[in-house]
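Report on one structure; see the data block that follows.
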Amino acid sequence: MNASVKYRIGKSKSFQVLTVTLAFACVIPLIAILLFIIKAGITKINWHFLVNVPKPVGETGGGIANALLGTFIIIIVAAVIAIPIGIMCGVYLSENKKSKLAYWSRMCVDILQGVPSIVVGIVAYFWLVKPLGGFSALSGSVALSIMMLPIVIRSTEETLKLLPDSLKEAAFALGMPFHRVILKVIVPCGISGILSGVMLSVARVAGETAPLLFTAFGNPYLSANVTKPMQSLPLLIFNYATSPYNDWHDLAWGASLILLVFVLVLNISTKLITKRWKVQL
Amino acid sequence: MENNSLTLSDVSLGVIGSVKTPAKVRQRVKRLYRQIRTENVFKKMLVIMGLLMIILVIGIFLTLIVESMPSIKALGAKYLWGKTWDPVQDIYGAYPFLLGTLLTSFVALIISIPFSIAVAIFLGEYYPKGWLPDLLKNTVELIAAVPSVIYGFWGLAVLVPIVRSFEIKTGVEPYGVGIFSSALILAVMIIPYAASLGRSVIQMVPSQLKEGAYSLGATRWEVIKHVIIPYTKSGLFAGILLSLGRALGETMAVTMVIGNTSIIPKSIFAPGNTMASVIANEFTEADKPVYLSALIELGLVLFLVTIVINMIGRRVISKFTNE
Amino acid sequence: MESTIVKSVDYNAYFGDNHVVKNVNIEIPKNHVIAVMGPSGCGKTTFLRGINRMHELIPNATAKGQILLNNEDVMQMHPIFVRLKIGMVFQRPNPFPNLSIYDNVIAGYKLNGIKLPKGEKDKIVEESLTRVALWKEVKDSLMKKGTFLSGGQQQRLCIARAVAMQPEVLLFDEPTSALDPISTSTVEELFHELKKNYTLIIVTHNMQQAARVSDKTAFFYMGELVEYDETKKMFTNPRDNRTQNYITGRFS
């Protein structure tokens, strides 16, 4: 009896060891990637790298200024589109838990979240690139905003659902019209959750390449024109990393480091900020 | 509901503080009416935003169908099991990509499941609280935050040479790139999805159930095997579906590491292509209408497959949370 | 002489097909405290929330009949107008957690975008907080958020917030059921003061409270107004059997 109990306990312990090992093993690739990119990229980054555009093949030097500016512009435009629509839609869904329209709307938000990024790129191509006759940063922004929407909507809806009804009732009882109840009471009390959704959505699309492949397309020159093709960090990394030129590989490493750090910092600070800004109910 | 009583007296209108002049009262009334109008406009705007999502999804679907029409008409259903992809000769067959997608995704899934489940059990059952588990949880979530193009670049620079030397040692054709390499990268990328959903459902197991088993003398492993896993089976399944959906749609990392060969891969170490990677590579080169729409048809297939997986996952989760 | 300030005429309220308040006719005199009591589910809270048009905020909730405030039918007005004259205090204290105490008191103005000169705002805040006996306790922490206040103080803050709007009627939905006994008695003391300037309608589960604070009491049972009389009379010599049974504890 004793022996079989000992065996069972031993089995349980070894399973625990196995679980812990596998769980922490997951972290290894992440750390490996982080370290490798830091090592490969850190030497490439300097002031010239940040302010110059890539040089033609064969010439050394050059930088990623066009990609930095491009990423910035494309994301800002995408955010300007996605944030208001996303928050309003999140408010709509949290206010209408039972209506039929809200049910289908919610399902569509779920569907949008799962759409592969390349498909979003295809659709944005036919909606904006073809009709307007050329690649543009705007079409890239629209593609990215489609990907940002589900994240903003989801986190807005979840945040607002958690707010107690008594908050709304107190506001209504003071004679506030609906839009003020939402904009002046409900949204401010839920701002930390909404903000985290916004930041996460930006972090998500900052690294997206596929939707930009046939929309923003890329541009070797520094440009701020949203109606023309524009370069972005992920696009540059993809194109230069898969090219046969070592100079371009170097640029890609430097760009990778910048992109990786940006995305990780955004993710980490989201977690910290939302704790800070949480309204004590 | 407009107030049809235009004789609201000064007193009955909530005059502000000591201000009682009729002019101010009228101002206040006008303001209130304006607020009522704004309220109605705002409510309608909210409905429009909700509607917009439905319109967006329908729009995506319609665009994909309309643009795949040329190839649907020209090639019919045979396209999906056509084994040759040769745009130069105008021969289009999607089978190599369907195979490539399934192979990479399922191999990635098989590799990642043990790790995802381990994380889920670790965080959900063994150590739900504490700074170390929190650190692990956040780190695993960061795995999902790394852009796929960076996974691809790293895969190309680090993983592929490793796989190549492994292939040399085992006497396989030393491509380095290929289905296996892309499945490896994919496996790392999809760990967080099953892990996070798995952790949530494992935490939801009621402690009475577990205590019942412990009180009968069960070991921890036995409680996991006989109580937790059966209880959370459907939730874990939904998490795996989530990881699968992610894997099917992944483009960049796979494109950079799979070898981009549009023939049926001979072995798991051979190069190939997935639906997403062939679209990424050839979309801008497609010079013929049927060529382009054949690619878009692949996009349509991807779209429909991810919707189906999404729907199944949703169903499973809602059944689980309602039980 | 009593003048009627609120009068309901054949008021009925529904949740979908569920008829929860049946044909209520009641006249409430000015500057009185009216207690509304009855067993759970009798419709008293629904009736109360009908008076300031909060009832219809719940999906599928409808109402018929008239509710007259100074002879003007509240059911025909837009709810915003109604709520400016009829304030409400809820069961659980619900100050706005993201606003300071000061801003909470004038929330009815500030959140509605009404700009008042600072002097006037200060005056309203001080007056309202004094009326609820909170001024001395918080006058040095007006800019802090109200979450450090005790339950009783938070509830008085909510009363101050309602009072700041200068309503004519104040509705209370079981205002002390979430409070400890000491806070409860502090709030009850307020009612005697408040009725000098306002008319109070208080839904309560607590018969002793009704006996302590109210001038008249309305007894609801299964959606109907069964009896309505001076509090003393009702508690010593109720006319209806159902009232008698409730008071003696046959059901609650």
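A, B and C label the chains in the order they appear, each numbered from 1.
By our rule, a contact is a pair of C-beta atoms (placed from the backbone, for glycine too) under 8 Å apart; a residue touches a chain by one contact, two chains touch by 3 or more.
Model, not experiment: these values are computed from the prediction.
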*Taking chains as nodes and touches as edges, what kind of graph is this: line, ring, star, complete or other?*
complete
*Looking at C-alpha means, what's the farthest chain from subunit B?*
C
*Taking each chain's centre as the mean position of its Cα atoms, how many Å separate subunit A from subunit B?*
13
*Could you state the distance in Å from the CA-based centre of subunit A to that of subunit C?*
48
*If you look at subunit B, which of its residues touch at least two other chains?*
14, 35-36
*What are the residues of subunit C that contact at least two other chains?*
79-81, 84, 112, 165
*In subunit A, what residues contact two or more other chains?*
175, 177, 180
*In the complex formed with subunit A, which residues of subunit B make contact?*
14, 35-36, 38-39, 42-43, 45-47, 49-54, 56-57, 59-60, 63-64, 67, 114-115, 118-119, 121-123, 126, 136, 138-143, 145-154, 156-158, 188, 191, 195, 219-222, 224, 245, 248-252, 256, 276, 279-280, 283-284, 296, 299, 302-303, 306-307, 309-310, 314
*Can you name the residues of subunit B that touch subunit C in the complex?*
1-5, 8-9, 11-18, 31-32, 35-36
*Residues of subunit C touching subunit A in the complex*: 52, 54, 57, 59, 79-84, 87-88, 90, 92, 94-98, 107-108, 111-113, 145, 147, 158, 161-162, 165
*Which residues of subunit A touch subunit B in their complex?*
8-9, 11-12, 15-16, 18-27, 29-30, 32-33, 36-37, 40, 85, 88-89, 91-93, 95-96, 101-102, 104-105, 107-120, 122-123, 125-127, 146, 149, 153, 175, 177-180, 182, 203-204, 206-210, 213-214, 234, 237-238, 241-242, 252-253, 256, 259-260, 263-264, 267-268, 271
*What does subunit A use to touch subunit C in their complex?*
98, 164, 166-177, 180, 184-185, 188-189, 279-281
